[in-house]
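There's a structure below that I have some questions on.
In order of appearance the chains are A, B, C and D, and numbering begins at 1 in each one.
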């Protein structure tokens, strides 16, 4: 091949680079390893993490059972090793699954349109907020303190230079739901959106109907966020919200130490043009048969450049595919039953414990540690191969005597009993 | 659907069965379990077995590294969930891989033709022997005591009613190779075949050239068997043998507590019509393009019934496919290097130990335990999470103070050192 | 270089050997952590190289097999109504659990103390199969159905020998699968053909005429290969037993009986099960399978060794079986397949297994009803899990069952079983299994009807099928006339 | 019921919602081992049902997605020469290790004492990326390239702010990828367009003219999007630095430099890497990716928190980062993708990574040589890892780059990147990557030449392409004119 292009050595391929930019030594990295050694290495690293622990951690990353089919489908090379479906004629597989994904997300959220995925729930927050800014022409964002603390941090990072402030409003010390008075006092004519999360970070269900009324009264949009997608199996879809954004990790993806996950954004038809991210639409092929393709890309960076609705390009397609398979396997009945098991397990876990908040909850809730420290309780649990809940002091100093506990369909009764004992 | 076939209840579907044959109670089996519980159950059973042990067991089942691609390919539904490729027009995938399998088996063994697989190495022995009986019209089978003891047992079971005796000949107490005098003394005009294994059960390399000469001198066929396929990466292909039969488990399949494995039979062109099992042949489709299909089925049970060359129907296709991928991944150089690593590791393990036999060996060998009992040595190794070698007394009373040790490319030096210490 | 004889690359995948070129590698081994040994020195002679063995890169391997897989049809792509093959859905969780580390890496000779989990799995499966069949003991050693048949006939022979006379003949209905006679022959018996009656079933009178003191056994398939339950089965087993002969049942069609009738309850002495049929383990393009054999108490002493034995607190392998026929296979059987079968049984549970049977019967009868107006039915007794038609009506117009099968491919289905059983001239043997949806069945019926009409209006269309596959009709005669069984440079 | 509008079932897969029918189930949950709670009671209001949500069986799920997958083209099926996308082989061992139990089930909030393995993996990757790029510090938090760009520009802004003035403008060459300007805008900068010179490269003089005290940074891609190394890059970075501005490098094309040149050595202050390009993590139909950002020491204090911190004998997460820009994503990044990237680096090792780069350059130049006689080349400087042509010669005959791309599909290849970069009118942007064999490259060259000839002899053939796919030309205009973005009953 070298001969064919008239070169003598591979080094000639970059002989034209200016000398001063060249690396004139080998990379300081060990020589290549075999498959066997690589598997061995990661196996050893994995074993240094928690293996075989029962976990009661939630807080934005949930351990749900993963139907085997999710990996079976996502492991097929035709999906795994294909690119963004720009060439519709040879990507109908991916395009069809995204169209199904968009549809199911709409069905779950009660919205009209949904995109093909965002990076994750935390980045969906600023994307939704920026969308609201574009829609309303206003600049102020109101974010509930019940919104995942890390989501709020990300929101702040993105908005630092968006020209408008991100103002937080509090939660009701008794119920754990948003503080209506505080919210109302901060709503004004420049408010673009109100961001709430339900179930919120404390696991409490928010009253989105009332929040929507309030926001709309001031001409702001309501952004309904969620970090536990399974809750949508039982909760009323937030029909009055203007934008629904959240995290689908619960659908088939393991906690995986924080990523990759998949965010979603869904909204009403009328806001479609302001939606960020990729969209798949139905159309016809030249034989007149139904076909799908990427569409409305005039919103996107590769066409609109600095005027795009977002800078997102690569998204989380494969995770979205896993979620699509997950939703297909569980289906209408299954998703409801799954949610119901989460609800029941969490309420079993909560029974007898000193819950900090009174609001209804789904599969997470906050408990007081009464005397003991959260750390002490978790330490005793660790000895029994149980990863306890999240001590809240880190994110809410005022709740430093509280722990956020989560139960899912994977939580076994005997482990829950052990946890409960630790709190009594 | 019931209505469509004019029935009222599902029970009507078997109402015509005579009452006395009906089971008039539910099956005494527990109710159905979920994926989650099933995975949990087998996980628990697996954990009751040896997990995380280094093993030096061989003796017909070998722990070799499995290139990831083997499972990736064999897990594709198109291969995994297809049937025997009777309908060539929709099975070219399977047919092509079998054709490649047959070819690679021929290249490895130095034979002209190979079939699409047998159940395993042990059943390949009687199939090869019965084939020799058909070819020669003779009835006596001579089997080396160096042939895997379980293979010999299976041979005996199959041959009990074949009309001819299975006579064993011994091994040389010093070299561990076959006892030439004993073999020669038992060869006669009614001998259909001489079965030898190389490397034999003791790991010793046999002189198949000389064995072939001897067998042929008496008009018998030489059947060359192997249980460790990796040895073919370095050993001379047994070109003078008339039939080569063996076990391919080493190529991509884990020990899996004894099965499923995959047997092979290869032979010379002239014996083709007596070959048992399925064969794939090259042909053309109606466009004149190369295509493949099952062929020469007039040898088989579904056509020939009681006169078939064998009663085998279902074989080990998927295991053969894994082996095909394994051979493709390693290829010409790799298989040789793999064999070389096995050779080198085994010789490292053997160094300093009191080998019972003097013959050259590949990746297995017999050691004396000098004073200690094999059981005692293995007990101490077990404490260090090492599964030691196979105590031979069980199969060879005269070797009850000996252990059969095996090393593969997966054997780590530190573990080998531990094992060696245990013997000193 | 592989030329694009047809435009699309998926239209002409080369053989590995044609992709191969010197020096290409798809593997990497760890560095050797011990001194390298010189092969020639250590082994005497070492081979120079593996002549013509492929040399390809990793990406070429994955592409080669991925492309090839796209030429296959499979259960995962659609209905696979092969009669007698029970091509049902293969649950993927079974594949998952079969790869459980502690099970897949278990060595057959590792100490019993480190094998309790594997033995527990086998013990659980044995007892479930005994309960399902109504038999007393089980061996999981046979690797497939035919292997199970051999095991079973050897058991019969061993028992008769123990009683003093192995006898000479095994009676086999003319409707039986080829493995039955082939097996009897290996066990040293001569095969006596039993003619089926007008319903395609065993005729007790005819049977009684044949049986005598030389008769070792009857090998009967129930439901038989025309999908009909042998209604006289109890009478049949009596006849055999009254003559001191035994009854072997071919259990390939057990998918029709699980949960509703048990061979052990109607006089069967020994039978095999195809775990790769009734119990959903994947066929994998031809195997592996498992041919578990279940027997009545009187045959138990002769079962292959080793046998699972329960000690106070653990399982052990019992090799002390003086009357055993020996071993039919090394080690203990196709363990990996056994895991899958147990997982299937666990997932269904007792009620689920019966439901599956009922759905299998329902689907078969739904198809029968749907197409019986278009194809001849040689035997009209009620169908169980499969229904068998003949091509007589179509053959009269020059179209044979094999042609109809090929045309079915164009409609997106794998063909039914062609020209088996032999007692049906030009058979179309259709077994949908319980895992097909009504939608898929309706599409199949639609297709069969459409083809029946094509045979009348445009037979050539059917005779030249398939038209929609990348590979049109393959010349099997040419393949057999001058066999090319391997690639050569 | 899904009718067979086209004969073969693989020719018309329905949507899940069309296969769905009430009561069908593909799941089973364990029995609830705690008291069942009444949803309405516990939650106030519970939804009645998920309207129109699919109800299908397990076999229907596997068939649906297996069939759909057969409509896709992928790296596993053949060459995917998308310029700027670095579609190289995705080693399967990476998928395997990403599913290591202790890693995949690690919860981001589990105690550090139970996360040392995960942190070790990230630390290893950070140091490898620093060495490869010649930079001082790394954040693995960004989820993709564009996300990394945003992180990088925010870092620049934070540094400038710390120096007293964030400045107003970011200079971006007109050849840049759309994410560059889109990103600058989000970071609150106005974008200033830098016209490329006759070689499609940055013109130092022109740049010097533009930079002033309002200039925050230059976002440069090197090699640039026409596959040419910016030979004046050192001069360029000097110009920026001399004006107190910084240099951001878009590292999407890093596959051309690994092991031969390091951005840290030619003045780049901050850059992102697309681990899903250069480091082989699969694109998965559009993601997930990872946009690791590497920076020089002066930007380190501003990196997103938390940062890995080495204690005496363990890793911990350091949240005490007063100058940090904050977080760009929850938790620590796309960990699962990071595992794959590290596995890739380990498999290649130092020498292997450089070899991969050389092979990538070789393959791109081999293709350039092979087809440059048939397609116009707007910029003739030496190509690095990709080569960019224009359709001018073909457009004169009425055939555009998009048409040539569709025709390429008929030859079994995924098209190159169409009409990017914008500075090339009707661009054909071709990046083969190092993992393609000479055989595949020769087939591609053959195809490109054949098409060039078809354009002259039979343009319609090209204009109407593709002809060999199950889906012919798709109407994208119709899709955009009246958007149907979801299925409705």
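Everything below uses one rule, namely that a contact is a pair of C-beta atoms (placed from the backbone, for glycine too) under 8 Å apart; a residue touches a chain by one contact, two chains touch by 3 or more.
This is a predicted model, so every value here is computed, not measured.
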A-D or B-D - the one linked by more C-beta pairs in contact: A-D
Identity of the chain that, by mean CA position, is farthest from subunit B: A
Whole-Å gap between the CA centroids of subunit A and subunit B: 50
Length of the line joining the C-alpha centres of subunit B and subunit C, rounded to whole Å: 20
Subunit C residues counted as touching two or more neighbouring chains: 24, 28-30, 58, 62, 66, 70, 75-77, 92-93, 95-96, 347
Numbers and ranges of subunit A residues touching at least 2 other chains: 32-37, 67-69, 72, 75-78, 409
Residue ranges of subunit A in contact with subunit C within the complex: 32-37, 68-69, 72, 77-78
In the complex, subunit D residues that touch subunit B: 28-30, 62, 66, 92-93, 95-96
Subunit D residues touching subunit C - in the complex, by the definition given at the top: 1-2, 4, 7-11, 19, 21, 24, 28, 57-60, 62-63, 66-67, 70, 75-78, 89, 91-92, 347, 410-413, 435-437, 439, 442-443, 446-447, 468
Residue ranges of subunit A touching subunit B (in the complex, touch as defined): 35-36, 65, 67-68, 72, 75-76, 409-410
